[in-house]
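Think of it as A, B, C, D and E in the order they're written, each chain with its own count starting at 1.
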Amino acid sequence: MKVKDDQPLRIGFYVCHCGHNIAGVVDCAAVAQYAATLEGVVLSRDYKYMCSSPGQELIREDIRDHNLNRVVVASCSPLLHEHTFRTAVAAGGLNPFLFQMVNIREHDAWVHTDKAAATDKAKALAAAAIRRVARHRPLETTRAPIHPDVLVVGGGISGIHAALTLANAGKKVYLVERDPSIGGHMAQFDKTFPTLDCAACILTPKMSAVRAHKNIVLWTYSEVAKVEGYVGNYTVTVRRKARYVQEELCVGCQECVEACVFKEPKFPDRFNVGLSRRKPIYMPFPQAVPQAVVIDPERCIELKTGKCKKTCLEACADRHAIDFQQKEELVQIHVGSMIVATGYELFDPRRLPHYGYGRYPDVLTTLECERLISSSGPTGGELRLHSGQAPTAVGFVLCAGSRDYKTNRWCSRTCCMHSMKLAQIIRERTGAEVTLFYIDIRAPGKGGEEFYDRALAQGVKFVRGRVAEVSDCPLSPAEQGKLIVRVEDTLAGMVRRIPLDMVVLAVGMEPQANAQEVRRIMNMSCSAEGWFLEKHPKMAPVSTFTDGVFIAGCCQGPKDIPDSIAQAGAAAAEALALIDAGGIDQEPNTAYISEEDCSGCKSCVDLCPYKAIAFDPVKEKASINAALCKGCGVCVAACPSGSIGQNLFEDQEVFEEIEGVLAHA
Amino acid sequence: MKLTQKIKYDADRTVGFGESVARLPGCEGLPSCIQCGTCSGTCPMSIYMDLSPRQVIGLVRADFKKEALSCNTIWLCSSCYACTVQCPREIGITEIMYALKQRAIREHTFPAGFPIAILAREFTRMVTRKGRITETLLVMKLFLRANWRAALASWWLGLGLIRTGRFVLRQEQIQGHRELATMLAQTKETGEGGAP
Amino acid sequence: MKYHYFPGCSLKGLGRAYEESLLPVMERLGVELHEIEDWNCCGATVYMATDQGNACVLGARNMALAEKNGAGDIVAPCNACYLTLNKAKHCLAESSAIRRNVERAMAEAHLTYSGNLAVRHPLDVLVHDVGLEAIRREVVRPLTKLKVAPYYGCQAVRPQCTFDDQWNPTSMDQVLTALGATVVDYPLKTRCCGGSLTGTVPEAGLRLTYILLQEALRRGAEVIATICPLCQFNLDGYHDQIARRWGAVRIPVVYLTQLMGVAFGMAPDALGLKRNFLPAEPLLAMS
Amino acid sequence: MPENNWQPRIVAFFCSWCTYTAADLAGVSRLKYAPNIRIIRLMCSGRVDPQFVLEALARGADGVLIGGCHPGDCHYAEGNFKTLRRYQMLRRVLGAMGISEERIRLEWISASEGERVRMVINDLVERIRILGPLDLPGRLAACDAELGASAQALRLPQYRQPAADLREVIHG
Amino acid sequence: MAKPKIGFYWCASCGGCEEAVVDLAEDILAVTAAVDIVFWPVAMDYKKADVTSLPDQALTATFINGAIRTSEQEEMARLLRAKSRYLIAFGACAQLGGIPALANEFSREAILSWVYQDAPTVVNPERVRPAVRTDDDGRTLTLPEFRNVVRTLNQVVEVDYYLPGCPPTPKLIKAAVGALLEGKLPPRGTVLAPDVALCEECPRKKTKPQDLHFTAFKRPHLVPLDPELCLLAQGLVCMGPATRGGCGALCPGANMPCTGCFGPTSRVRDQGAKMLSSLTSAMEAKEVPEVEKVLAGIPDPVGTFYRYGLAGSLLRVNTTAAAAASKEAL
């Protein structure tokens, strides 16, 4: 592509103070003065906030008044405001790609303290951009169509809400859930804070709505195996695990469960966190959606040995829902966008041996306690000790594994409220004495503080101190047979030993064990802790760095039910906005091959991960399909005769940048 | 009933004290303390302490040097490191206790006649002079200097040691004891002992 | 397997039974321990707590003396020596002020300290270098049915221990199991024995000792195994005093190496077992 | 080259998805690192043409840092593996040309590893400080001092606009 | 009308370029008929004075082959530059440095001590070395100075055109001379060869697969070669894709891989870097040890990728050699 640009360069250069953010470290005026001396620069300004309306207006006016034909802005990261300034440049009547941005905030002012060195660096980066922009050519963006279907990954409350929102807006949604039923953690809860309404009462209708919705394709017991494509046009492979029960034929009568050759339930029940037992064929939980049983291939005698009497088959009779021949299936779907709502995992308190979880049977986690007081739980809602007796003194150890540099550094946000909820329910139901051991009570948000008040009023005791140890080593007769909590009551300023019957560890949330795998499949990023990374913590909290992939709920970080639902709604809205826009502007950073330069050596053809390079056997030349090219530039770097160019990242443009950053000593 | 003012004025602070402790190797975590009390709860000796380890950390951080150096907490620390292992902020609490001990010795603020300080003194003296410790002699010295009644009360211990062949009256001494003394004196002169 | 051996003052004094059992047991397992010539006291936590700079000089001298005799790790059986030498090593690596200071002191004695030698606890060597299988092979008199509470003490596994878990160490449990003994679940396995406080502030120190003994008994232990001379002395030496204050909690306290020696068929006399206040021989003879 | 006030100059090529974003994160987290680095953004580390590295060294860089996504994490499938292989070869070429291989470095830094950006940059700057200035332009200029006084030494080849197609002239 | 005056000169080269002129065969007669050769020391007895006596720009064109290594070569290049309207770098050495420029991998001192002392065939007990000036019995003998590095012609004087090749092919020479005589010259600075890589004209082009992945690199003297199949597909390092065409793929035609003598296309700054990039991109290995194993198949990467282009490459010279040189220069 040969460029004719007869006009002399008229570059406008702007350096942004960003209030004190940049100007506090970089001498912006000096940078502007220096830039004014560089070739092609006809106008150089420093300004308080370039991204503000007046700042953008300044660019627009200068383009008109000074007849600028190139613009450079030195401010923050292009990942943040490149679009803003390109729009401003376009509004000034210039092609938006005759613009270059210099990152002197994230890459300079914020990371350096030596003002002289930071200013020098800003000058060098500015020089590079000014030299580079001189090579820029006008470019056109292209629009890619958006496939209107959406994939929602994860059937917890976030995924359910996102799926329903989209489906109600008339979009087709695929909801994929790993477990045999949707519902997630919320289905395991008894009541929800701060209103104490019953979790099942508010969740079950939504689960049923999912089942009934004509726009939702629900695939439980399924996982996303592979994602290919790009925003607007993803091809997703879903692995549908064998349930050994035909979902559409099963009516959920559970006669097969009754009839199973295992007379007694024998295996730990995941829904009740191992506090109760189930059979090899089972309904995940009473309100499960879909209402279909599932067979555990690890436990089923027929599936393991092929030598079972298959009493379940008889029980199912002519419904023929049970299918031992069922095989795992791989299904391909096409969607335009995806919402990831894969949730969280609970911290395993075995990692804190001094709390005795696993050693003392009456040390429980909050979720175990939740199941014990749930009327649908293994004890029918009666809180009982291992011995079968009712506890008279219960303690809650907050921050179990949280806010700890050795385990999880973060605050899980919900454990204070969760513990206070359980404490209130236990007070109400059993009258037992309840003590909460805490570092700081975090009850923010609507109704949170009032909830704390209520717990206090109900006589829940609060001891401020992180529990050092839970043991069963008595030092006095009163401690015999009890669990003893050793803690400094930091408000009273003394170390205390407190005998209790039951200790509940308020374990925090962690990223799912397979979060890295999911992240890879979905092409997202993770924070250092393993939570999925949002595009911007404030400005784009449900977007990811991959266009068309949104996140909702606890996979992004710990949050409570209201926040999860709010985020799910936001993610659905983002997906809707994308779909209804009808298409998406693509960054014109595609590679191209100049036919007259190409020798037809084919070195590039197989390097392209998107198969965008085709070889014409008649002309004996390679060519790039711009619609398929994603702009990575691998072929550009590899073309041995320099015959592949890349819009926005031309060799010459990069060479100018290299020379520019090194030109200023 | 005698009333005493418990209020603290800013003039009571030794500004910069907390920072000077936090600069020492192993004590860098001091500023990140969240006052959770795990150290006190974990500490096997905290039940005897006039200030809990958490309170000492708080005082040091707030520059209350006098209070921090005059408590018995730092002397009761048995160096078991339980607090350090359990601290959710990975603060080197034992190291901070050491730093305060060293500072207290330098500023002579430790309680007179307090057996722990006397043991420390006798111990270091014996190591410096002889290069090794002879435990039985050390304990006898301690009892004589600190509390001769305790020495009398411990007669049975001595008898037991004689019975089990462990009572040693001959002072152990290394060949290079003079050389060692010079080596140790070297640091005294330069004043670079690493103490705060 | 060759190591430099740093016995420390206690193994030549109150804790000589530890050395008396350690040396033959290690020899049996093919571990050569070469005592560092003219080693000096490590300074223990006392010195470290009061004069860190000089404490590092003490440590550095020992390590430099070992270096003179060539490569190989240093084995320090006393928990306090193990911790103090490691800490000196750590300080020297981290703090340039301390390093400068120590280098000056070392120059006085024409010694050089390079920091190349690792300081290790015999327990670490037993589990990771010798291996449980090799230990099992030497057992001729399995300690069948003997209920042992493994007591690690605090300083062997803290604060920067890498050979075992700091909160819940299990290496001694493994060795005991290899000897055929029944290991009692002992949550106080790393709880402080009182250290030197037992001597200086007996009312405080003895209470800790009492709790340790009482809990071991409550959990059905017949003997407590230790790997530190001070722990052994504190737990074994004050039974009468404790009995006077809180009631009798009599349970023999022996070194892990003594138990190993018995299991290896060595004579109790040769293992220093007669040096206990509360005799353990009859028990061990029965097992 | 006055060595006493010499400051290393390092040119970095960061992929937009991972390492550039991580450098942004380092900024947002206000981590502090040595100011000797100049970051150039490319879409993928696979866009790093070995010519860019050589050009940077030839223009006076003392070191070059290439940052990309971790293996398996490339946003363009396998761009970073291509970079890895080019880098390994480039190191061999540089070594043969008397340039310490330590002067170029390839690092995998994900978008969340702001701290790693800081660590890597500081470490590289330190290493290059120890190696001292490369100063290829200076060395070549000193080398060319032997040319005749009137010589206009052209240190780098001149880059010309593509020539008119001579194929006709030549083959025709 | 006077015939245009033409000069030929050689610097650091093997002489092959001169042969190439002769290889024009009968066409040389047409050339000599059209021009006056006023300076061609290789062919006839010319002296330096024949040139110095000419007025500036008296020569229409001078073809210089060979790289610049000595003070004499530099001086002659300057002289001919001044006397010529067009100065044409003739052949790979003048254009890119050529084979002689591989010496840039070593310092001057290393070369001299090898050649005059250390090489096993040398007998030189007195360690005599050539000196710029030797006084003997009242007589003075001068020799050109051996310079620190080898240079391309354009690193010493401005060059108008480049005729690539080791040596340039008769076809190219004819075309260049024709263009010169007809006044149909392209813009200054042009390389007088097609700006498309060699593969375009390679007879084996069609046999190259689209999905070539290297699992090992082989050297031509160690493996039997298929006479038809693309040499890259046989695991050989063929520089063709990174090298300008125009030679008609002589080497691949003779069952040898292209070694890159025509230099890069105008779009490339560093031929070696580009070839390296292309080859390694298409390798299969993903782990460092595996990568290293495959790369070991190219034992001399500089000699492979920069066989002709070292002096003109971005790095130009081994930096330790450059450092040694700069010390000598100072």
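Definition applied: contacts are C-beta pairs under 8 Å (C-beta built on N, C-alpha and C of every residue); 3 or more make two chains touch, one makes a residue touch a chain.
What you see is a predicted model; the values in this text were computed from it and never measured.
Shared contact partners of chain C and chain D, listed by label: A.
Counted as hops between touching chains, the shortest connection from chain A to chain D is 1. The chain pair with the larger count of C-beta pairs in contact, out of B-C and A-B, is B-C. If each chain is reduced to the centroid of its CA atoms, chain A and chain E end up 58 Å from each other. Centroids of chain C and chain E (each the mean of its C-alpha atoms) stand 75 Å apart. In terms of their C-alpha centroids, the spacing between chain A and chain C amounts to 49 Å.
Under the contact definition stated at the top, the residues of chain A that touch 2 or more other chains are 354, 596-597, 607, 634, 637-638, 651, 655. Among the residues of chain D, those touching two or more other chains are numbered 46, 49-51, 55, 78, 82, 86, 162, 165. In chain B, 86 are the positions where the chain touches two or more neighbouring chains simultaneously. Applying the touch definition to every pair of chains gives A-B, A-C, A-D, A-E, B-C, D-E. Within the complex, the chain E residues that touch chain D are 74-75, 78, 105, 147-149, 152, 154-156, 158, 171-172, 175, 178-179, 184, 186-187, 189-196, 246, 266-270, 272-274, 276-277, 279-281, 283, 285-286, 288, 291-292, 295, 298, 300-302, 305, 312-323, 325-326, 328-330.
Put simply, chain D touches chain A in their complex at residues 7, 9, 11, 16-18, 20-21, 23-24, 26-28, 30-33, 35, 38-44, 46-52, 55-56, 59-61, 72-73, 75-79, 82, 86, 110-113, 115, 118, 162, 165.
By the touch criterion stated above, chain A contacts chain D in their complex at residues 2, 77-80, 103, 105-108, 110-114, 117-118, 120-121, 124-125, 128, 520, 523, 525-528, 533, 545-546, 589, 596-597, 607, 609, 630-634, 636-638, 646, 649, 651, 654-655, 657-659, 661-663, 665. Residues 9-10, 12-14, 16, 38-41, 43-54, 56-58, 61, 83, 91, 94-95, 97-98, 100-101, 104-106, 108-109, 154-155, 158-159, 166-167, 190-192, 194-197, 199-202, 204-205, 208, 237, 240, 274-277 of chain C are the ones touching chain B in the complex.
Within the complex formed with chain C, the chain A residues making contact are 352-354, 356, 359, 471-473, 475.
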